[in-house]
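Here subunit A shows up in two complexes: once beside subunit B, once beside subunit C.
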Partner chain A sequence: MLAELTLTLLLLLSPLALGQTQIHQFQYQTDEQFHEELVVRPLAGDHVNTYFQFTTRWHYGVHKNLYHTQLTPRVIAEILQTYDVRELHIGLTQGLWRYETWGYPIVEATGGAELWAWFSSPNLTDDSVNNQWMRLANVFSGILCASLNFVDNTNSIAPKHIFRPQFMESGHRSQQFVRYATLPREIVCTENLTPWKKLLPCGSASGLATLLNSGYVHNTKYHSLGVKVRTLCDSDDPNNCIVELTQTANLVYDLKLLEQSNTDFSLRRLFGMGLNGYCEMANSSKIYVQRNEQGERFQLTPPPQEEVLSKVGGHSVLFGVYDIQQQFEGPGARLFNIAWLGPKGNSKREHMSPPPLYAHRYLLGNGQKHGRIATEVTNTHYEPLPVVLMELVPWYVHAYLHTLRISSKPQHLYEYTTNELKYSLLHYAPGKQRVLPTHLEIGFMLPARSSALITIEVDYLLLKWLEYPPDANHGHYIGSAVISSQLPIGRNYTALPLEGYLFQDSFNASRTAYMLTLRTEALIVSLPTPDFSMPYNVICLACTVVALAFGPIHSVATKLIIVERQTTIPRNLLRKIVHKLTTRFSRRPANSAVNEQQNDEQNGKGKEKEKKKEQEKKQLDQTENKKFCDKQAHM
Partner chain B sequence: MWWKTTSVHRASLPSSAIERLSDQPIKTVVHVSIYTQQPERAQLLITELQNAFKDSDFWIVKFKQLPPFAKAAETHTPAALEKLLLQEHPQSEGDFMFIEWPKLEDELLLTTERSALMRSDVTSNKIAQLLHSKILQTYRVNQILSTDERISVKSEAPQPEYDVVISVLNPKPKITNAQWNVALAAQTYIEPFLAQISDISSYTVRTQWKYRVAIEAEMKQVRDQTKLGRHYALQESALPHLLTSIAQNLSGSISDRPVINLVVYIPPCSTGPLHIYNKKNEMLTRDGVDAFISPPWGGFIIANPPESVCLAYMNDEPPQQYYVNTNDNMQVMLDQLHKLLDISNEVQVAGVKTVDIEQLAPRRWEYEAYIRRSAIRHIATASNTLQSLIKLLDQISYIVIDDKVATAIANSHSDILAAKAALLEHRLMNASALAKRAFVFSERGFFDASLLAQLYFPDEQKYAIYIPLFLPVMVPVLSSFNMLRKLLDRKRKVKQP
Partner chain C sequence: MLFKALLLVLAIIQISAEEYDTAILPEAYIDAAERSTHTNNWAVLVDASRFWFNYRHVANVLSIYRSVKRLGIPDSQIILMIADDMACNARNPRPGQVYNNANQHINVYGDDVEVDYRGYEVTVENFVRLLTGRTQNGTARSKKLLSDAGSNVLIYLTGHGGDGFLKFQDSEEITSQELADGIQQMWEKKRYNELFFMVDTCQAASLYEKFISPNVLAVASSLVGEDSLSHHVDPSIGVYMIDRYTYYALEFLEKVQPFSKRTIGEFLQVCPKRVCISTVGVRKDLYRRDPMKVPIIDFFGAIRPTRVSTGRINVTLANEEDFTDVAHIQPKKQFKIVVQPQFIAKINK
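This part shows the complex of A and B:
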């Protein structure tokens, strides 16, 4: 495969390499291409998939040429200069792709933000890659206005088996590093679409990108923006390189949500406006419309200029092709529109056969302490399929490897049998609190027409109060699992081949096997969430307790205890209070009288006091005796 | 324990030394030598000039007389004489030399090196004026060092690194099929020039094309006598808005280096040719150039397509491919760079002529004046930064100073002192390097993020914790004071009688 890639690449490069000597005479490089493509595929259940792909392919040759950009955005060139990144994928997605009814998407993405990159360079160490990875995420956080700056070592892993590099390196095989992170909580909106469009050579001023109006894009059931950068260097000559920037927008419209009730639709109804032209910088601007399967029931106006039959792995797909540059050849401004007209009054639903492999994920268990993550992978094919599954479990969830089970069942049964599948490959990197996420990769053979249920038990951690995000009761996300497999047939398979960069490269691209990656649903776990006003309550309560304790201790330490005559105190509570108040008021003048007395009889003062005390003592004894008698009487 | 855990960490700083920085003025030593055929005349000039520079605030000018020698009479060109003189008396950076040449047309003629030719009848006043306005640029230094806000100019000190981004804007590539190897143009014109002046700052040149970038400005059609019969007028007052609309489309960069933007705008034929007009409705185009600068943002050039291209457009012919004129645009761009980097000197002195530049590099004396000025500016800015930091630390008690910041500040301080000493000892390049380092350190210290660590938890918030604890505790304590007072009263009463 790799050899083949090299060959095609070299074939591509050779005329360009010849042309390079002429650059100085012929002013500027013409070895930069830009292509815009739109694929429209009607899906089952009145859904329409529209897929935009904008490809900029720049044969820049020497590294020094990266200082001078033309169609490729300057930031991409600067990234290649600053970091040792060779391949980069970013996905910003809202919604869930339904594999069972929609088949496979052209470009895979998981909900929220997803980012993975390959780094390669001689003398690259793990630490420097970690550092570059974080800075790279920060850069794209600025470029795409997404919260990618939250990517750091606590939520990134280095996948071992699941991702294969799509870039090509020059010279000897130096060390390659890959990093992967997801931010499932990320919400994708207009603020991401606008900077994403700014990366295009024509921006949103002309071309297919004018169709991407945020008002319509964000009304879809599923939308996913993607940026993919890869470099392809001649294996013998490091000064002969290509950088490829692919920007994708994958949308799924629900026709029922569009205003009219029948199933007709058109570009104007999907995007709010017709097409006003093509991007002047584009080498090709094409619209592909799928005509068979779900597309069979629609009539197209205007009819496509040509039709292409693509046979991939024994499965054929018919596409109608519109060349926009031909459509707009003559002078004058106009709008181009394609309408899909469905049969009238036909509401029969044909049964859609599910794709060969699909997956689901859910959470088992109850309470906020323990749980079980279950991933269900189903093989509907008549042959066993090799499956690799990767789990990225965040650090606030503890996974236990010894609880990992893979149970299987034949497709027609509802309950899982007790027999377990053996895994042939396992990579496990345990997580560390607040430092590392748990990284699990398992590979196994999934028997024909059967499902496998992979479960692992987890504990939920109690976080520190500052670690909770705003709206803590929303729950914490566990990113989706990534499942990779090799399909022997091309049914529902539309992804681009490794060496291709245009959608039309996927036509008739029959291979011995088709690399497939799927993403499951993301999960929300509700971690034990404290009452966040608690610290303040504790402070208030503790302070009150201290203050309350302080009062009596203070008064005990400073005040004199004077026992009053019991007989004068009435038993009734109300009278007690009245008595206390009256004695308070009456004592003052009494006290002053006593003082005067004391002044008068200063000499005999000591004796008097002693006498008083003796009297008091006697009284006390008397009262105690009385009480004692009372008690006896009661008994 | 509470006090200890909430106390703000402050590494020790040379605060008093930093506050004393401005007591010692920045003084620069400059060596100027004078050659005349009669030694008496040189002697006279030197005494007069020494008097003139005696009470200068910034300069210590040391004049030297070059003795006449036999070979001098044999030379027929000023260049040969200068060469001979330089063999005898080599110059170092920042030096200057006046050579008498009787057959001169003007009173003084500035060469591109470190010398000027003078006629025999030049007065010392004229020489002093030349030194102040051109060589030493006293008024600029005055602007930098002055604390008077009316004189001082708010311009920034040169940063250690810059990105120079040349952007070619072609809003309608369908109509104007402009071709230009801007990369090659930048490599042949801009990069060699910037390489010559990279002592103070280092420059990275990047180029980019931008398509479909609309400029938002009102353009009025004006009838004229050309084949096209019309051109478009861009009002001078609309230029700031034009820059705003363009700046947002020039795409950011991933580094935090400041960017100098050089924009070449190719107006489409539907709104071209485009010329700038002033308020009085006069066309401001000079020598076919429509350009303006806006320091420190950058420069803007309007590169109108040739007449034939627009003629073809107006006749509905398919668009013609044409090449943008490299030489014209690059000359303008170089001139803009001179102005943006503040190297060139525009002051005119009567009777003084300056030799035109023939190569890319700036004139030697001009460049050295720029280095001298930047060194002074760096020292002044760094001292100001450190002093305001110390002042801030005095005012706001919860700013953290960790060891890293403290070393940066200490380094900056010692570099400022060293740079001042180097200026006094006539080591210009050394002083410039030290001053630059002091500036970088001071900026790093001032803008370090760790300074803000505690800023969001000011002292006032501690009361939120203290008040619930201490207020209830205070009640019995206060009431016990009341009791104490009563007790004392009683005692006093007991004692009185």
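This part shows the complex of A and C:
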């Protein structure tokens, strides 16, 4: 039935669709914009960071509803309408960003899945937000093929200080709600990349997205897919709004793993193929290549069309820019490739100085009962830095607030001193078994050139039998801590300013302070895990013991013991007759073999013969005894 | 059937109403439409085992996924359940790739794959909920089996099984009775037209023994009391690549093209005992058609005959205002974007 309908519809609509194309193109220019950007930054230690950013911006207002989209995926527009979402961040990441050697990433992400969203609408209550939050996560679990449907109230919190809205509302401001959750166990693979690419206007058909091939994305050291949506409304006019969708893919390649002798690399080497063009829907399509710092040692072929020097907070970065639309303008355009040629010979590579602030996290203590979560934040800057730390401890780990300590040490010392730092901000929401996670936020000033160690003691819970996952011995995760700070300098700082939406908006975007967020490592704890095969073993063992005990006891308890005279009837026919006759005549029971033996002795035969006979007799007796026993056993 | 015929007639009338000489539908199309008993295709493909050493089960399920996708069932109508990640597993030396063969003939994972249920989501509860359409409130659309009375449904299961059960993730089981009840409920709720049940596991035939629902054709890789065996090991990854039955099934399906004349009957014979070692079990008593006359595309594909018209057809749209000319759309007023401070100032004291 469907097929017939499809056919009919196809027949009816195909000419119409052709007619509409031109009008659409006109609309793109006025209403919706799409930009694609790629940033390539060589990092220290033969690593290359490639960052893709696809931005769809829809300036709407006349539309009564958000269902008529052109470049923006409809599903994104729909969730804004249905779930009162104003801002949404989703990250799917594999690997760990190494701050100390790689600097700061353009977009922050934690391992596994992370999402947070802002809701705002009149008539929203905490409960309705909880409900909408779960349904929102469910929607994205379908869209991105991730297990985001595991997000519920038992692993979500409402951060108080660390996340601030990045959206704009018009006129009367209604109450704003935020929800945050992480799923550190989540694996990121092609099945996430495929639907992520399908959200793009050109899909994976053309443009920079063609470079994202699964085989070359997943052999990286770090890969992170991101989706960020926010709405920006004119504060005076509620009918003048922008929906901004930013899709990011942040990859770090290890050149050593690309199996080549030198440090040369190219787009083709990194992504498996050159660029075949730009997305026809895109307003701009650009590649930025960092030329200074680690990028200084490379020569570029072809050379960039222009170079841009960006000064941010007293720190300058030089970018080479390739405009792909210009590149493919003329006739005879073919595959476009950029090659980075490293210096010949083993040149000394300059080491990167660590960024102003970085953090690590680990578990202290031993055993499966108690432990301590330790987070170490280091400030290498010459001024004190304000730090806010957020911990989300799942319900199966019980944290004790009174054990919270912030000890500090100067950077050059190895051991922490006993003096404690005072916190100026504390928000603590205790967890509840199986219901709520523990939520902790602390803010303090971190002195110049020093480290702070934040520790909190925890108990590990013994779960119920069915609460253990199928691979219980893998361990349970505690999501990463989020640390935010404000940097006075722009060294290693690459994030986009919030007012902008393109990578080029970060050029020369000097501010008085730079908002920084970091993610630490996620932790894995081995909760007390029972031996799941134990019941089976117990059953087997118990059954064996019972069976072994039961047999003899049963036989002892039920068998009737009858004493029967031993027969000494000889086998020999002649002897049998003699035997019978003797028994008949004597009329007394033939007693035992001993009698016969005595008889034999009396007969006075040779001693050897005697012995042989003796043996034979014994054997005979034994066999007969056995038969007798058997009879008894069958009774 | 009646409704379908009516629609067909409507379609013909609608098209012949235009002043066209090409308005008559092609003969082959009417033929195909009349012969088929179904209107849409769905596939539920389940790998029930976790852990790296069960690589072969993931390769199994991806082989069938690859085939049904290649033959035209869209991702929105394939429910793929994979209990563990093999492609991006740290033990996989070829990230993002799963092969059916040590010589890396076919990357069954491919570059375009959508897994609907994965990891811990693959549970007996979710599987039964999926079949019977009783998914929890708020479940994403791609995680639902939205089939109807005109759907041909392919169910493929693989994992570790025994007499009368199939293990899920090494921690729970689905019994043959639960499966039969689930399928009976599907029938009662008119969730399928015909159902092809395929299972590759040890003692697989025990899983379809309890079926009582009509229009079900079932095939199992081994009879009760038999083990299903794996095909070969890849020394570079250290585990078995794929199971025998599915290996030969994929070999057969790779040769099938859309509009192919191959039948389900031929497919039932893909793995004779000499190559499979186990005996392939088939249950036909619930199925009313002759499998030798049923095209394999009825279950493994969803290609419908379509014809492209190049002529112009004038139609009136229901919502004309949606397609009004855009001349009056003026560029919006630009406004300054001011975002509130992102860091709380309290600490700076």
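Rule of thumb we're sticking to: the second predicted complex is superposed on the first by the 496 of 635 C-alpha atoms of A that agree within 3 Å, B and C clash if a C-alpha of one lies under 4 Å from a C-alpha of the other, contacts with A are read in each partner's own complex, and residues count from 1 in each chain.
Assume contacts are C-beta pairs under 8 Å (C-beta built on N, C-alpha and C of every residue); 3 or more make two chains touch, one makes a residue touch a chain.
This structure is a prediction, so every number in the text was calculated from the model and none was measured.
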Touched partner set for A:191, first subunit B, second subunit C, both or neither:
second
A:142 in the overlay: touching subunit B, subunit C, both, or neither? Say first, second, both or neither.
both
Of subunit B and subunit C, which one touches more residues of subunit A?
C
First (subunit B), second (subunit C), both or neither: which does A:551 touch?
first
Return first, second, both or neither, reflecting whether A:68 touches subunit B, subunit C, both chains, or no partner chain.
both
May I ask you to decide whether A:59 touches subunit B, subunit C, both, or neither, giving the answer as first, second, both or neither?
second
When the two structures are overlaid on chain A, which partner does A:272 contact: first (subunit B), second (subunit C), both, or neither?
neither
Partner chain in contact with A:314 - subunit B first, subunit C second, else both or neither
neither
With the two complexes superposed on chain A, say which partner A:303 touches: subunit B (first), subunit C (second), both, or neither.
neither
Give one of first, second, both or neither to describe whether A:164 is in contact with subunit B, with subunit C, with both, or with none.
second
From the superposed pair, tell me which subunit A residues show up as contacts to subunit B and also as contacts to subunit C.
23, 27, 68, 139, 142-143
Interface residues, subunit A side, partner subunit C - complex
1-8, 10-16, 20, 23, 26-27, 30-31, 59-62, 68, 94, 134-135, 138-143, 145, 147, 149-150, 161, 164-168, 185, 187-191, 194-195, 213-215, 217-219, 232, 234-237, 240, 386-388, 424-425, 443-445, 469-471, 484-486, 498-499, 513, 515
Sort out for me which residues of subunit A touch subunit B in the complex.
23-24, 27-28, 65, 67-71, 73-75, 78-79, 82, 139, 142-143, 198, 201-203, 205-206, 280-281, 331, 539-540, 543-544, 546-548, 550-551, 554-555, 558, 595, 599
Within the complex, which stretch of subunit C touches subunit A?
3-4, 7-8, 11, 14-15, 29, 33, 39-40, 50-51, 83, 85, 87-88, 94-97, 109-116, 118-121, 138-143, 150, 169-171, 304-309, 311-313, 315, 322-323, 325-326, 329-333, 335, 337-344, 346-349
Spell out the part of subunit B that touches subunit A in their complex, as residue ranges.
165, 172-174, 179-184, 186, 204-209, 211-214, 249, 251-255, 316, 323, 465, 468-469, 471-473, 475-477, 480, 483, 493, 497
